[in-house]
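To start, the structure under review is shown below, and the notes come after it.
In this document, chain identifiers A, B, C, D and E correspond to the written order of the chains, with residue numbering beginning at 1 in each.
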Amino acid sequence: MIEIENVHKSFGSLEVLKGIDLTVDKGEVLTVIGGSGSGKSTLLTCINGLEPINGGRIVVDGIEVHAKSTDLNKLRQKIGIVFQQFNAFPHLTVLENVTLAPRKVLGMSKAQAEEVAVKQLTHVGLGDKLGVYPTRMSGGQQQRMAIARALAMSPSYMLFDEVTSALDPMLVGEVLDTLRMLASEGMTMICVTHEMKFAREVSDRVAFFHKGVMAEIAPPAELFGAPKDPELQKFLAATH
Amino acid sequence: MFGYTFQWKQALARLPQMLDGALVTMQIAILSMVIGIVLAVLLTVFRRSGSRILGAIATTWVEVARNTPALFQIYMAHFGLASFGIHLSPYVSLLVGITFNNAGYLAENFRGALKAIPETQTRAGRSLGMSPLQAFRYIVMPQMLRIAFLPMTNQMVWAVLMTSLGVTVGMNTDLFGVTQALNALTFRTFELFAIAAVIFYLIVKVIQTAARLIAWRLFRY
Amino acid sequence: MFDTALTTADLLFLARGAGITIIVTLISVALGTALGIAFGVIRYQVGPWWAAPLTFVLDVFRSVPLLIQLVLANAFMGVVLKLKLSGFTIACGVLTMYTAAYCAEIVRGGIEAVPMTTRRAARSLGLTWRQDMTNIVMPLATRVALPSWIGLALGVMKDSALVYIVQVTELLKSTQILITRLQEPLFLLMICGAFYFLISFPLARLGGYLERRWSND
Amino acid sequence: DKLDDIIASGTLRCAVVLDFPPMGMRDDQNNPIGFDVDYCNDLAAALGVTAEIVETPFPERIPALMAGRVDVGVASTSDTLERAKTVGMSVPYYAFENAVVAREGVEMTNWEGMKGKTVGATAGTYEAIWLEGKVKEWGEGEFRPYQTQADVFLALSQGQLDATVSTVEVANANVKSGNFPGIRVVDKAPMVPDYVALFTLREEYGLINYLNLFVNQQVRTGRYAELYTKWVGEGEPADLTVNGVYR
Amino acid sequence: MIEIENVHKSFGSLEVLKGIDLTVDKGEVLTVIGGSGSGKSTLLTCINGLEPINGGRIVVDGIEVHAKSTDLNKLRQKIGIVFQQFNAFPHLTVLENVTLAPRKVLGMSKAQAEEVAVKQLTHVGLGDKLGVYPTRMSGGQQQRMAIARALAMSPSYMLFDEVTSALDPMLVGEVLDTLRMLASEGMTMICVTHEMKFAREVSDRVAFFHKGVMAEIAPPAELFGAPKDPELQKFLAATH
């Protein structure tokens, strides 16, 4: 369970998160939508402790992320995250990209790590690309590899930050299908996305961010069908 | 035609000695590169560490190495350090001087290369649970070395050429030292140094070819 | 701080050495750059095949130690051709070619850095090759090349320390002469090093600044 | 020929080694002085021209001549047969004996004490060639050639070298000068006296003849002894003739 | 009038144009559509002589482009071309970008050239950007500047090669509006584009290229309404 309580976050004098309260239950799929600069990405990087916060607390499975005593490297193994930029490690093959963290962080043997990696890569449909370098692959394939790479650490939670935004329109589908598959398998997920159709179909709840505030949160039917917040109404009108 | 009789035969008779010198030259160049790379990585880490003292040490090193003549650095390693009671043999003085120079230039190259690697790469590594050091070691450094590979090759060439400065600190076993010693004996300056020039040229070509092969083997992405 | 026997006359002596260093550098860099630009443009223009001989010669200047180049030029001009050139002339001549060899590379890199599409756009406006070269390529290539060129000029200044071998008493040689007489190696070497540093460092910084500034747009 | 050229040009350019006291050095205005400098001036005066001193490190003496940068060498150059293949030597104008100089604190009572030590000398000199040969013969110790005589003594006083071999004159001058603290003359080196000659281009017989006569005149007129007293000190200058053979 | 007769063009062994026949009349707006690599760009660069051809001929206002005797620099003044990449000269201000060719090629005085330039820049809506450097402008503005730069030479023909493809979707509109304006003013234009809506509205005729062949050419209503070529049908199905 991810519990976010009154989280504040500023970059210098710019307050990016202005007191966010949110709880994500095991097995839930939460989608986050909102305009550019509303703080969506920042929230995700705070959840896995890549960014410090200025107030409030975030608790993942009972562990407070920003407590001094928390071993962040350990915590992050629980929380997979995939970014808009594919962030493939260009100097490693697909297989090596995926086995690197299990071997170096979890201390798996090469054989063990490869077994896990092949399983996850096959899962996302890249079972035939093991020896290929990422730069030889399409953006969609790179992004699916990034997902497999995160999954190889057997995380309890997955965070997705606009994973389709940097993709050619032709390639968006294959990545969204991968996310759908994960959702159907019961993975707990927070997905920041601009794909409204996807949000509507897959999410248990949808949260709308506006200027650092979570302006509305509701099941998709309700949020899209009867938006209450005036900013959300504007936002939906513009994106439809 | 020139009013000067070339005596290539005599000079060529010295070829074996000069080739021995070429081996020493190669040895110094390779050693100074290997140690130089290690030091340059350290200096790079120092400069990024955020520590004022480490940063100042690294910056001073890099700037002095890049802004004074290599000959000066080698002379300093021999006669300058001796003023502090540190006595280095000519071989070690030359090695120290060139290594100092290599490390300074390479550290600057590495810094440029690091700028070309997006911060998001480190982030991706960290979010997989890697420590900062692991992220640097497994993700950033390999990419940095690739980007800096061509400058590294050039530095290696310069290291070879810099060995010629060893004569000023009493070095007589490297290619230039051997040639200069033979020159002092026989004064067939032109012939001897022409042969040395050809050997240096060939060494440089071998290095460049080897670098191309290594790059091709290593960087298949 | 230092208890030294250094006299004003000695300082003047050092200053004269420094002056020689600077003059040799200025002459070589000026001539070498002009030649280097010519070589660079020729190499780019005639294509790799026709440029091969030139490429080879320039490559030799980059692959043989400067000391050997100086010794050989000295021996060749004097012994073989029996030309009575001063050491200063030999030093400037060799350093000029040395500069040109590196400069040609920089120029070629600069020209190649101008996108082909930009040059096409210029040509489709009706500009001739010359007009394209002077109005578009040169200004853009200069931005790419200037930082490396500054680096090269400073490199030549530092390498000019080697011209002592043809009996030119530049800064480092002057320092050695004083060390012989005064036996204060460390102090004198520090002065000498500081001189190089004070000229090189600000210019190197300027190069870095220009590089950063121009790579932004 | 060269002799005419020199007279016509009005200057005589001499290669002189200026870190080789008392033969060549600089005064505190950094002007060249010494035995060789005076000798060059005398030669110029005899020719009726002005002298120009060109400083050359030891290894560069002959290249400077070959490159046409100087007309003659007055540079304490040993008249080896190897070198005579390249340049023309006059009769000897001076003869050195060599001394072993060691650093204080290095145990050494005679020249054989150098065995196994780190020794050095000026690259390309007579004594360097001898010393390197000895080190090879001993099969232990290390030989380091430096480019200038000054660097050798600097290295010796700094402790980079244990001992060196240099001409008695140079050794005494350096020990006396106090510039190099902590060095002492140990012993004479057992070498044939190092005869040094003026040199010029090999084919310039006219000039070589002139040089030979000039050396002869210097001795005859007492100028040789005078210069010896001025630069080296009291005593007899070395005999420039060899018993039992002409030349 | 641009007459293209049986033009063949190869790069090495790759035949990119396999005999193109096409005539564009004065005042006509021709749009060229087709898949990637079908030879559209190549045709344009052949028309203004930037590329040599291997067979056939191209005649512009009675002058054969690839004849030896043709002064290409002169001919190119007649034919403006704007590329996908904006190709602004980054070291010159907007005004200098536009005045360069009139001054150097047409030999105009500075004042004259600036008058022309200001007129054209105002025309494309950049009258207030004269002293600005192109790198400080949006892609759309840079592209409009490139159009003004070509127009400043008073060309009789304008060739546009996917001038909106490298633009942010937000900025496509402003550039298309500029093209529409030119079309309405009677400029003879060949536009390579992927913007079907634009092609339909503005063109007199639309040509469809496929693998180096002009597979179909017809007025937009006919070509979009009743495509005959099976490849064109596929192409339209994919892009709609």
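Methods note: contacts are C-beta pairs under 8 Å (C-beta built on N, C-alpha and C of every residue); 3 or more make two chains touch, one makes a residue touch a chain.
Just so it is clear, the structure is predicted and the values come from calculations on it, not from any experiment.
Colleague: Could you tell me which chains are in contact with chain B and with chain D alike?
Modeller: Where chain B and chain D share a partner, that partner set is C.
Colleague: List every chain that touches both chain A and chain E.
Modeller: none
Colleague: Going chain by chain, each one touching the next, work out the least steps from chain A to chain D.
Modeller: Contact-graph shortest path, chain A to chain D, evaluates to 2.
Colleague: Going by average Cα coordinates, which chain is farthest removed from chain A?
Modeller: Of all chains, D has its centre farthest from that of chain A.
Colleague: Ranking chain pairs by contacts, what comes out on top?
Modeller: Top-ranked chain pair by contacting C-beta pairs: B-C.
Colleague: Rounded to the nearest whole Å, what is the centre-to-centre distance of chain A and chain B, using the mean of the C-alpha atoms as each centre?
Modeller: 46
Colleague: Using the average of all C-alpha atoms in each chain as its centre, how far is it in Å between chain C and chain E?
Modeller: 46
Colleague: State, to the nearest whole Å, the distance from the C-alpha centre of chain A to the C-alpha centre of chain C.
Modeller: 54
Colleague: Determine the centre-to-centre distance between chain B and chain C, using the mean Cα coordinates as centres, and give it in whole Å.
Modeller: 20
Colleague: Residues of chain C touching 2+ other chains?
Modeller: Where chain C meets two or more other chains at a single residue, that happens at 71, 74-75, 79, 82, 179, 185.
Colleague: Please set out, as single numbers or ranges, the residues of chain D touching at least two other chains.
Modeller: 63, 66, 151, 154, 158
Colleague: By residue number and range, which residues of chain E touch two or more other chains?
Modeller: none
Colleague: Where do chains touch, given as pairs?
Modeller: Touch list across chains, by label: A-B, B-C, B-D, C-D, C-E.
Colleague: Taking the touch rule as given, give the residues of chain B at its contact with chain C in the complex, in rising order.
Modeller: 2-4, 63-64, 66-72, 75-76, 79-80, 82-84, 157, 161-165, 176, 189-190, 193-194, 196-197, 200-201, 204-205
Colleague: For the complex, which residues does chain D have touching chain B?
Modeller: It comes out as residues 58-59, 62-63, 66, 82-83, 85-87, 118, 120, 123-124, 128-129, 142-147, 151, 154-155, 158-160.
Colleague: In the complex, go through chain C and note every residue touching chain D.
Modeller: For this pair, the touching residues of chain C are 7, 9-10, 13, 71, 74-75, 77-79, 82-87, 90, 165-167, 169, 176-183, 185.
Colleague: Okay, in this complex, where on chain E does chain C touch?
Modeller: So the residues of chain E touching chain C come out as 45, 48, 50, 73-74, 76-77, 79-81, 83, 85, 87, 89-91, 100-101, 104-105, 133, 135, 146, 149-150, 153.
Colleague: In their complex, what parts of chain B are in touch with chain A?
Modeller: So the residues of chain B touching chain A come out as 118, 120-121, 123-131, 134, 138-139, 142-143, 146, 219-221.
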